[in-house]
Amino acid sequence: MSRLEIISPEGLRVDGRRPLELRRVNSRTAVLSQADGSAYIEQGNTKCLAAVYGPREPTKRAALLHDRALINVEYSVASFSSGERKQKLRRDRRLMEIASTIKRTFENVILTTTFPRSEIDIYLQVLQIDGGALHTAINAATLALVDAGIPMTDYVCACSAGYVNNQAILDLNYLEESAEIPTLTVALLPKSGKITMLGLESRLHLDKLEPVIQLASDGCKQLKENIDATIRESTKSLAKTILQ
Amino acid sequence: MISVSERDYITKGVDVSIRADGRSRLDFRELVLETGMITQASGSCRVTLDGGTDILVGVKVEVGSIEPEVEAEEADILEDMEQMDQDDGITMVKDKDRGRIICNVECSPSATRIFEPRDIEDMCNEYSQFMNRVLNGSHGGVDLKALCIIPGSTCWILNIDVLVLDYGGNLLDAIFMATRGALHNTRIPRATVEQSDGRVEFDIADEETEIIRGWEDVPLCVSLNKIGYRHIVDAAPLEELCSSARLTVAVNRRGNLCALQKGGHGGIEPSLLAEMVQTAKQIGQTLLKRQDAALREEEERIAAGKDPIGFGAASRH
Amino acid sequence: MDDSTPASVQNGMDVDTPPSVTSTPAVFSLDSETFKKIHPTEYHRRFLSQGVRPDGRTLSRFRKAKITVGAITTAHGSAMARLGETTVVCGIKAEITEPKTGAPRDGFIVPNFDLPPLCSPQFKPGPPSELSQSISEYINRVLESSKLLNLSDLCIEEGRAVWVLYADIVCLNYEGNAMDAAMLALVAALKHVRLPTATFYEADNAVRVKEQRTIPLKLSRTPISVTFGVFDGQFILADPDIEEEPHLSSQLTVIIEQNGGLCGMLKPGGSALGQETLTSCLEAARTRATHILGILEGALAER
Amino acid sequence: MADRKRVTGPEKSVVPLLEPGSLSAFTFDPEKRKDGRNIDRIRPVFMKTGVVRQANGSAYLEAGKLKVACGVYGPRQTARSKISSRGILNCDFKFSPFSGGRRRAYIKDSQEKEYSLVLRQALAPAVRLDLLPKSTVDVFVQVLESDGSAACLAAAITCAALALADAGIEMLDAVAACAVGYFDSTICLDPTDEEETYQSGSLVLSYMPSLNEVTHVIQSGEIGTTTTIKALELCVDACAQIQSVMQQTLAATIKEKINGA
Amino acid sequence: MTQRTRPDKRHSPNEMRPFYCSSALLSRADGSVRFKSGDSAVMCSVFGPMEVKLRDEKLDKAVVEVIFKTAAGMTTTKERMYERIIRQTLEASILSGLHPRTSIRVTLQVLTDDGGILSTALNAATLALVDAGIPLRSLAASVTCMIDDTGELLLDPTAIELERSASVHTFAFDNVSEGTLANMSTGLFTVDEYMRCYETCRLAAVSVQQLFRTSSEGKVRREYG
């Protein structure tokens, strides 16, 4: 796909969005019966399921930390999630890298010192990928953590942005990602505006970095509204069941 | 782990046909079935049982070599299929004019924290093997011959990936239900074979698609759990813990058994075994009817262009 | 049992107490089973100093060897070898493969020795132990360097198709001296191999074979492995068994053929041996090899 | 990927095709089985205990060409991480590389993994694991020659039960297992490899004859319920026969031990 | 016997390749040595006596672990066999009873292989143990020789020479009893040929022992001045 088609002369992207527009977000919490907290999120066609267990006794005693809770993140991708079927490897390095990125993102946000000698497990299952799997997974994890009642300093909201044709674009889909557009993923603490994670795996001119980060952060703030709404909704319905 | 009193409570309940969730011994739970929510897959289906079991099946079709494990260009050299087959007790692909089905059951970590990792591996392997055996046999339903593109070399391979998202008991029945649903939903691109100067070539038209022939004949599974001296269908997690033996029976539309497998750590008397087989067959027939009706509804929904409810089911409340 | 245990050994053993306790007046004695458990090395040392081994053999006595060929019909050649209670089965399967470009006429022979967890509690499931890997590798080297088989005999069509012989040696009952048993089973199985007539068809690039298996392999020689254990650096034990193995200070394996020619020597470390010992072991190995060859011939003639 | 822990041969090798016409014509005729058996007959079985001296219990079983060896180790201490109030029964099923038509790799394939599992499921109901807290019993089965995969699985179960008995592990009853093949409407006991290629389905039943309880059953193929039930009955009878051989073997072993002492 | 030049310009079939060693190369290891014999070179490091894994612990002596790595880094059955031979040879030399419940780890990394790698590795391991100050009963010096297709004995053959070998013999001798610690011979040979190789290698081992001596004397001088 040539770069010209990424944004049409009318200023529309391949999927009909405007450059600064997020994809449709659809999320809900408490989708799984066994987990302490769980969430499902769809950002466009990227779908992710998150489950949180804990705080609980660590499965591996050796990993136990005396002053805080241990965060354990597992990230897996369904074999039918993308165009090509991939045979799942037992220890896929790429998946492990993503898991450790997510782990480090949340370690600073979760009040881990509240639960010394315990473990919090975050399991992420990506069901379908259409670009932005990482930030979708982070958003799903935030929802599931809130659902599990794990104390956090703030939400973690993540979003991606890229730069093409002298224009920053928000929330890239698969076609855009694979067109070699520099893509930057940002995880933001919306209240303080602090960035907890920033990932860029291709070349981007330094001058353009600032506007792209700015755009991604704006996306995160929009997503925060969305996530917040979902949580308020589910809390309301939870409150209702308790009051009954 | 289950306490003695809990076990006693459930066992006594089963004895008088009253179960913890209000069902009687041979009642199946409410189930929600949806198809086609994974657009990247050739076919998909999700089945949720009332108590939590949540299965997502994605089917991906790909063009591959008829002979397993051997690369296409080497395939026709020096190979003896008969030799390969006699190792397997199951009647595998005997001839070179059939496609293949590869099943793989995987547990999403979210569903399985209650089991030991090794048990999960064993369980997934057992279920994968069971599915492979049932679906690749002559009795599996799917018309494997229709999956052949060029006899002797190329065929469609159906990769059936089962993802267990949540565990609420009775996984195997739900897996088969979802698999049958996903196969109903699967569309294969039409492949046209051309002969040009001695070489056989084929062309795949992505726009024109075909359904999987014979999906209706795919069997469903009914697992019966023996608790005390009685047996129940569609066990919940606690009931599975109380069960001394499990019998899984695969039944197809014609009322024939397609597979029989026992699990669990207890024994069953032969007379009870025969009775359980009969019960399972009847329940299987009812389930098949229920599913066919649900699949028809899904077909109508898709035809009407409505979005699947998906995990966004919260909006229903 | 061909060797009966001497009465003196069966009656158990009165044992002097360790030095620190001897000063006490009470006479302390242990029955032989307990003594064996507490001081296993000393237990063996006392036997050996009397010129007899715990199982009743003299130091230079080998265990009884037994060979059966052709028990496994699914293999192209098979043999079971027993040394005392050590039981090893070798099955050889022939398959077709493409030869290496450097040697278009040469087939392959792939020996592997497996010590499954079935045969002894000292082997765990999972990847093969260092012992079985070392034995596999050494057998492979001996096969290669002694040119036991002319690999070009395995050619079906030059540059296109050759036989590959998979020789899998499985130990069923491990009672010590795996190397000798493995070599014996392998050689017997190789002698028993019958390959079918194979023809290469250019048209479909395939090899077809007749159902009858008639062609034997031509072995240039019959190497026999003979292993000695060294105890305390002084006692040389022929054919050490499982009880003795852990207490040996060294082992020496001689691979020898009928005319006294050598195909290999292996002493994988351990205590130092003098030249005279080497010479006497070579001599003993030669006698043993002649004896084993007789048994092998007998077993093959029975078929 | 090549297995670096073993001597490796060429990357790929195949079993040759047979010359057309050289294969003696074989069609399955239930009235005329190649080995002269009736359809309701199992192959004559030979069993022996105490074949592996280092094992706590062991057995060897031969039926026709089928040869299976089994060693039982334990009860021995369970690894600390897996300790439980019930004993653990580990089963490990392995085909020897030369046991079948094609050479098998050493690393367990999915069929061997499945059979290992079936073995455990078939034996566990008989073994008094409640009497063995914090202990593990390991059962290792090695197939030397296979002739009919269903029959092979059944033989493995029987052989393992015999080895468990030889090891003195307390059991409710000796498990005997037996296989049948379905040939359309005909049910044929203990099918061989050659016969198996013509069958439309198979069933393996593990049964405790004295207790009259089925410990495991596995069936494949599309079979009507009545046929299945008929096959079950047939198997139950055959298992009783097999068990009597097991009992004779065990009795002989004990006699030998008493006489030897 | 014809006097002809060997491929690497040595004049006599009884001539060893020049060998030398440099020690204390690695800062983290307790002992390390690079041993070079012609174009075969092995780097050896020794750690220990150090903490041992509970599973491997021996109550009455130190556990010796040997890791043998080829230049390509792969561990096949060949390396496992070498590990076993080297380990059992070193076990006979090390006074392991002095350090019960510990482990001594010897890691051998082949840098270049031009024949006789097992000998090179054994010599490197012995020197590295000396460098690490592990108490030894004796020093194991190893030499390889071969008999070529014409029946001529060649000491310390190179990879090119090995291609026309009828048999190859590797010996390790200790300097106290002068007995054989390890031996691996393959190929076809007679008892006489074997004894000839034995004798030749035993004599050659003396020069290796000489190097051990110079090297340890150098170490003593360096450390105790």
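Every chain is named by a letter (A, B, C, D and E) in the order it is written, and numbering of its residues begins at 1.
In this text, contacts are C-beta pairs under 8 Å (C-beta built on N, C-alpha and C of every residue); 3 or more make two chains touch, one makes a residue touch a chain.
The structure presented is a predicted model; accordingly, all values stated were derived computationally and were not measured.
Of all chains, the one whose Cα centroid sits at the greatest distance from that of subunit C is A.
Chain closest to the overall centre, judged by the mean of its C-alpha atoms against the mean of all protein C-alpha atoms: D. In this structure, the chain pairs B-D and D-E differ in their number of contacting C-beta pairs, and the larger number is found at B-D. Between subunit A and subunit E the centroid-to-centroid distance comes to 57 Å (mean Cα coordinates, whole Å).
In terms of their C-alpha centroids, the spacing between subunit D and subunit E amounts to 50 Å. Separating the centre of subunit C from that of subunit E, both taken as means of CA atoms, is a distance of 27 Å. Chain geometry summary: the mean Cα position of subunit A and that of subunit C are 61 Å apart. Touching of two or more other chains is recorded for residues 77-79 of subunit B.
Of all residues in subunit C, those that touch two or more other chains are 96, 133, 136-137, 140, 206-207. Looking at subunit D, one finds that residues 5-8, 12, 14-18, 100-102, 146 touch two or more other chains.
Of all the residues in subunit A, the ones that touch subunit B in their complex are 26, 28, 31-35, 38, 40, 42, 45, 47, 49-51, 53, 74, 76, 78-83, 85, 88, 121, 123, 125, 127-130, 233-234, 237. Note for the complex: subunit D touches subunit C at residues 5-10, 12-20, 22-24, 51-55, 65, 67, 69-71, 73, 76, 92, 94, 96-103, 106, 138, 140-142, 144-146. Those residues of subunit E that touch subunit C in the complex are listed here as 77-78, 80-81, 83-92, 138, 167-169, 172-174, 176-191, 194-195, 198.
Listed in rising order, the residues of subunit E touching subunit D in the complex are 74-77, 80. Against subunit E, the residues of subunit D that register as touching in their complex are 4-8.
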